[in-house]
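The structures considered in this document are given below.
Here come two complexes built around chain A, the first alongside chain B, the second alongside chain C.
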Partner chain A sequence: MNRAVLLPLRWLALILAAVVSLFPIYWMVMSSFRTHEEIFKYTTLSKELFLPVHWTLDNYREIFLDPSKPFGRYIVNTLIVAIVVTAAGLVVNSMAAFAFAKLKFRFKRGLLAFFLSSLVIPYEVIMIPQYLLMRDFGWINDYRALIIPQIVWVFGIFMLIQFFSDVPRDILDAARMDGASWARIYAVIVLPTAVPAIITLGIMTFLNQWDSFLWPLVVINEEKKQVIQVAISSFQSLRGISWGKIMAATTISSVPILAVFLLLQRYYVQGITMSGVKG
Partner chain B sequence: MRKRLLVLSAALLATASLAACSNDNGNDGGSASPGSSQPASQGASSSGSSDEVVTLSFWRHDYAPEAAAFKKLIASFEESHPNIKIDFQMIPNDQYETKIRTALAGGNPPDIMALDAPTLASYANQKAIIPLDDYFAKDGNKDDLLKPVVEGLTFDGKMYAAPNNEGTIVMFYNKKMFEEKGIPLPSKNVDEAWTWDQVLDAAKKLNDPAKGVYGWNPTPWGFVGHEGAPYSEMAFLWQAGAEILSPDGKTAKGYLDSAESKKALTFWQNLFNGDKVSPKELPQDAFWNGKVAIHVDGPFAFQYQEQNFPNFKLGEDYDVAPLWKDARMIGTTGSWGMAITSHSEHPDEAWQFVNWVTGVEGSKVWYEETKNLPARQSTFDAFQELKEYPMNIYAEQLAKYGHPRPVTPAYPAISEAIRLLFEDVGLGNADIDDSLAKAVKKIEDGIATLNP
Partner chain C sequence: MRGYRSAIYEKQESRAAFLFILPAFALLAVFIFYPMLHAFVISFQNYNLIAAEHSWSGLANYRKLFSDETFGASLWHSFYFTLVVLPVQTAISLGLALLVQKKFRGVGFFRTVYFVPVAVSFAVASTIFRLIYNKDYGMLNAVLKGIGLPALDFLSNPDISMLGIIVLCIWRAMGFVMVIFLAGLNNIPDSLYEAAHVDGANAVQRFFLVTLPLLKRTMAFVVIITTMDALKIFIPIYITTSGGPAGSTSTVVHFIYETAFKQMNMGYAAAAAFLFFFLVLIISIVQLRVFRTDVEY
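And now, the complex of A and B:
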């Protein structure tokens, strides 16, 4: 009896929550097919709020065909940066986490505390010193500035340490006895146990890079080399906002994120629950 | 909040490291000024004899119609100056100051940078940009520039930037709504501008909350976080007879907190909280969508309307009139110009480009492309349409009642203080005396950090 009442109620609550969180995305996608004139015209509940009156592809045409702002190129730029940072970051951070979790070396605890303490420093504070460093290396306006400082991610190391410390020490000792090197143990024993964590970290790194805005804005001077989020923000000017273009561009820019997430969603959820169980 | 903190910290760091750099820059600057006193010979020889190609970087905030004008001028410049290449980069508008100040702090700025008139003094004070007087004396046709423009770009007796155009704002009104309510249309004569009370009277009749229509939007983009808000809000203070700073620019005390200011703010508070004729949250494109009956905007609005709202026509759906007035008639002025950074290794070539764009001929091309209000008399003389409706309202108001924003290195603090002051009183319905005291303190602090 109780169940018969509760279940529909539960469904109703879930559907409501889904509508509330999905409607803005739906509105964004629909607005990208509207003319500028129409986007903010319909604000009350009506058919026009849900479907464009005059469907148009002009917004997409404009962002892709404008030679002064090659949107396709921005997508490729961002993909290159995001993929390289993610790949390199996974290797470097997982090795660091392995060392912190399993190896014995001098000053390990102090070093770890030192690493973790950097988590509390807001990015805004280190941005200018980092900029000066990049300038001294001659990396301003260069992808090395976008990629190299981003590879080491202390949060990622911290997260993987949690996973790696689950692997029993005995297995590692056994492998050592059989003559396996630490590198082999890392690659053959420890990494495979942490696949969900690695994938979770990979998704998070990729998202971070895909969404990064401030640092590329500051270090990249040439428009052709710019990344997608900076390009999107350039559709806002002092004297008006090209909402149509922004809607089209954000719609496009959410596609890779959705794709990555949907493909790897299973692992992602698993990774989060596991990191929660392990305190 | 986070963003504001960031811009602030970037600005602070920029100030600090610029101050640190200014020692070695000082030497540079010292040798640059005698150097720039003979730009004629140098400029001529470098463009004449050497085949070496000089590349100049030029940064500006992103605004598509103006970018197109720049590209045209750059193309013609490079054609006639084969030894100079211009590397033109546009920066997203909201982040322009962050980007420029970080680059200046990092000692890595462009050769030429665009700037909004009132930010000039803070850059000049930090010796980030160089005075252009010698260049103007040589071939800059300074006499041709309008007086308020020169005033707005002069700091410490020296002119630090060349103007692309001038700007001011006027009143826009929805003609059909006026006719529907039987309200007489405002005069198109700038000497007969409507008073605040006349506008408020009309706004009350036009206000229709049931239909989501507001009578009067007194600032072009609502309560926004950029210069657009204080630009129009300062006009209210000046119109009431108030000043923001003392004539010597040393203090806001006794000026910004005068009885006249209080009058302006009381009026402002009533618009949003008493009569509620003004929207606290401005719907997007409110005026063009018929959600606001009386609006304020710059000359660039016509182009915006043509591109985005082609069916909402000047003369049929809307018209423009001079800005409103109170004790005084005043319209805020000032717009963007171009400056040469002290870091540039090629200031003479940079000036050739600046002068190509902002000079007598360049200004005409700029006007044709952007329809912004010219900064040069010769441009005003060259185009008949500037003497006709609707541009004549801008032109005449500018000539008779233009008022530049204060030229002081503390301007960033002033801009923010005024913006927050009007937000507190309008949005927050806060106590006027308290809000004024807060604003005065912010400006005083801003001035104090300049003279440690």
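And now, the complex of A and C:
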């Protein structure tokens, strides 16, 4: 095979894969601008199948105005949970990572092995007793159930340890001689050097929380307290709900995330490759 | 004097370290390790929240699992799903990575585009595909009919409903795996390709003799995490088919979810989860052994 055949084939593959990647998202956004009738009407290959005929914003208006399914509320709920988990997670996990990466103490290896051993525990196994624990704590239908068990993330600690290891110990010792406390060294010297890692971990945590589904499904039963992903799935079981509204809901829940994601994808990709190549 | 001071420093350092670790340790103990032990304990109990039963039952749960056809079927569906997703998704992702590995005008655009589905949540992706797959007004059937093929009911036909879910999962994950492969490909030194070129190897030979062997570590990582994630598939099942039609898409995690939170049979579900955990662990260990490599470059 020569270049004249290969090059167009290569571009064909590139473009085909791009279309496949984007098409479902395009379909979601276009359907959200259609009227209820239109979605059922155009079912043959035609221009109308791919572009709305009567563009409408009603779907968006309706999902925010429906008092039985308060969509704005779901967004706020999810944002609160995701932001608190991300913030608390960054503090707790980076503190542990700092100690493991830079400090000398007894039982360090044993403790680290203990931490890492939790990585083999699948979430599906502990989900049941975790639910029973939440019941005992009285946290069912309570955001504490969504937040507190999610804060510690051993994968995140592991990632940060690798970043922190690059900080030279000499600098820390010098600061120590000058009378700085370890808390100060952590906050003023170590954390600022790891800003890219912190951003990476922050995005990953936030996205995980934004996408979280199974755990909220289990511990939150009260309609008003639900998070966005579960709310979207429960939209679909409503009788007579239009696909236009469902697609407006999915569009709102994913387009802002997509935008942020595209802006910060460098950090996210860094996180994936760190875990994949070094780990 | 110096020795005395450094002894104090060491002691302070140890204490500081424990304080730094304490919050993470406490959370880990309460919310991960304690539940793990508790899961093990209740898997030997008759523990039903509706019937308010709570008594020891020895190995009864495990024994029942081995003869439970619903559990057996769900186990098979998880494995079938994994056996299809693993090779297909890995091949597609590696293909994409090779397509965008070399720099050319617009390479950044294509890399980003392939990566976009990763940012779409599982719940949203499943919802979109439900609409696209719809028998009466879904886009896919409109296209099939348009080119003269019969319409297919992707999610309510037991023969093909799992394939519909497989396609949606690959769509969402391929960009993620592509990025891992890209990192692996970039770690292979150019000099090796040049050497192979000088020796007269063509593109196909270079792929099989240089790229693939040196990608072994990356491949091991991809295979292991793909297998683990695929075996645990749940959200698309819950949203698109709820395990139906006729139980043809119920996977293990779906079985565990239904048993624990619909029938409230915690003991039985915990036993199923534990059995599944050991299966996944054994598979991961076997895969690690298979991929063990001494190649350094």
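We take it that the second predicted complex is superposed on the first by the 219 of 279 C-alpha atoms of A that agree within 3 Å, B and C clash if a C-alpha of one lies under 4 Å from a C-alpha of the other, contacts with A are read in each partner's own complex, and residues count from 1 in each chain.
Basically, a residue touches a chain if its C-beta (ideal position, glycine included) is under 8 Å from a C-beta of that chain, and two chains touch if they have at least 3 such contacts.
Just so you know, these numbers come straight off a predicted model, no measurement behind them.
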First, second, both or neither for A:T78, with chain B first and chain C second: neither
First, second, both or neither for A:L132, with chain B first and chain C second: both
First (chain B), second (chain C), both or neither touched by A:Q209: neither
First (chain B), second (chain C), both or neither touched by A:F105: second
Which of chain B and chain C A:N221 touches, first, second, both or neither: first
Chain B versus chain C as contact partner of A:Q162, first or second or both or neither: neither
Contacts of A:S68 with chain B and chain C, given as first, second, both or neither: first
Contacts of A:W243 with chain B and chain C, given as first, second, both or neither: both
Greater residue coverage of chain A in the superposed arrangement, chain B or chain C: C
Partner chain(s) touched by A:S32 [first = chain B, second = chain C, both, neither]: neither
Chain B and chain C contact sites that coincide on chain A, given as residue numbers: 39-40, 43, 124-125, 127-128, 131-132, 214, 217-218, 230, 233, 236, 243
Of all residues in chain C, those that touch chain A in their complex: 9-10, 12-14, 16-18, 20-21, 23-25, 27-28, 30-36, 38-39, 42, 95-96, 99-100, 110, 112-117, 119-132, 136-137, 139, 141-143, 145-147, 171, 175-176, 179-180, 182-184, 187, 217-218, 221-222, 228, 232, 234-235, 238-239, 253, 256-257, 260-261, 266, 269-270, 273-274, 276-277, 280-281, 284
Complex interface listing, chain A residues touching chain B: 36-37, 39-41, 43, 68, 124-125, 127-128, 131-132, 135, 140, 214, 217-218, 221-223, 230, 233-234, 236-241, 243
Interface residues, chain B side, partner chain A - complex: 2, 5-6, 9-10, 13, 17, 57, 59, 61-64, 67, 71, 87, 89-95, 98-99, 102-103, 105-108, 110, 212, 226-228, 283-285, 288-289, 298, 300-301, 304, 308-309, 311
Chain C partner contacts - residues on chain A that touch it in the complex: 10, 13-14, 17-18, 20-22, 24-25, 27-28, 31, 39-40, 42-45, 49, 92-93, 95-96, 98-100, 103-106, 108, 111, 115, 118, 120-122, 124-133, 148-149, 151-152, 154, 157, 176, 181-183, 186, 207, 210-211, 213-214, 217-218, 229-230, 232-233, 236, 243, 246-247, 250, 253-254, 257-258, 261-262, 265, 269, 272-273, 276-277, 279
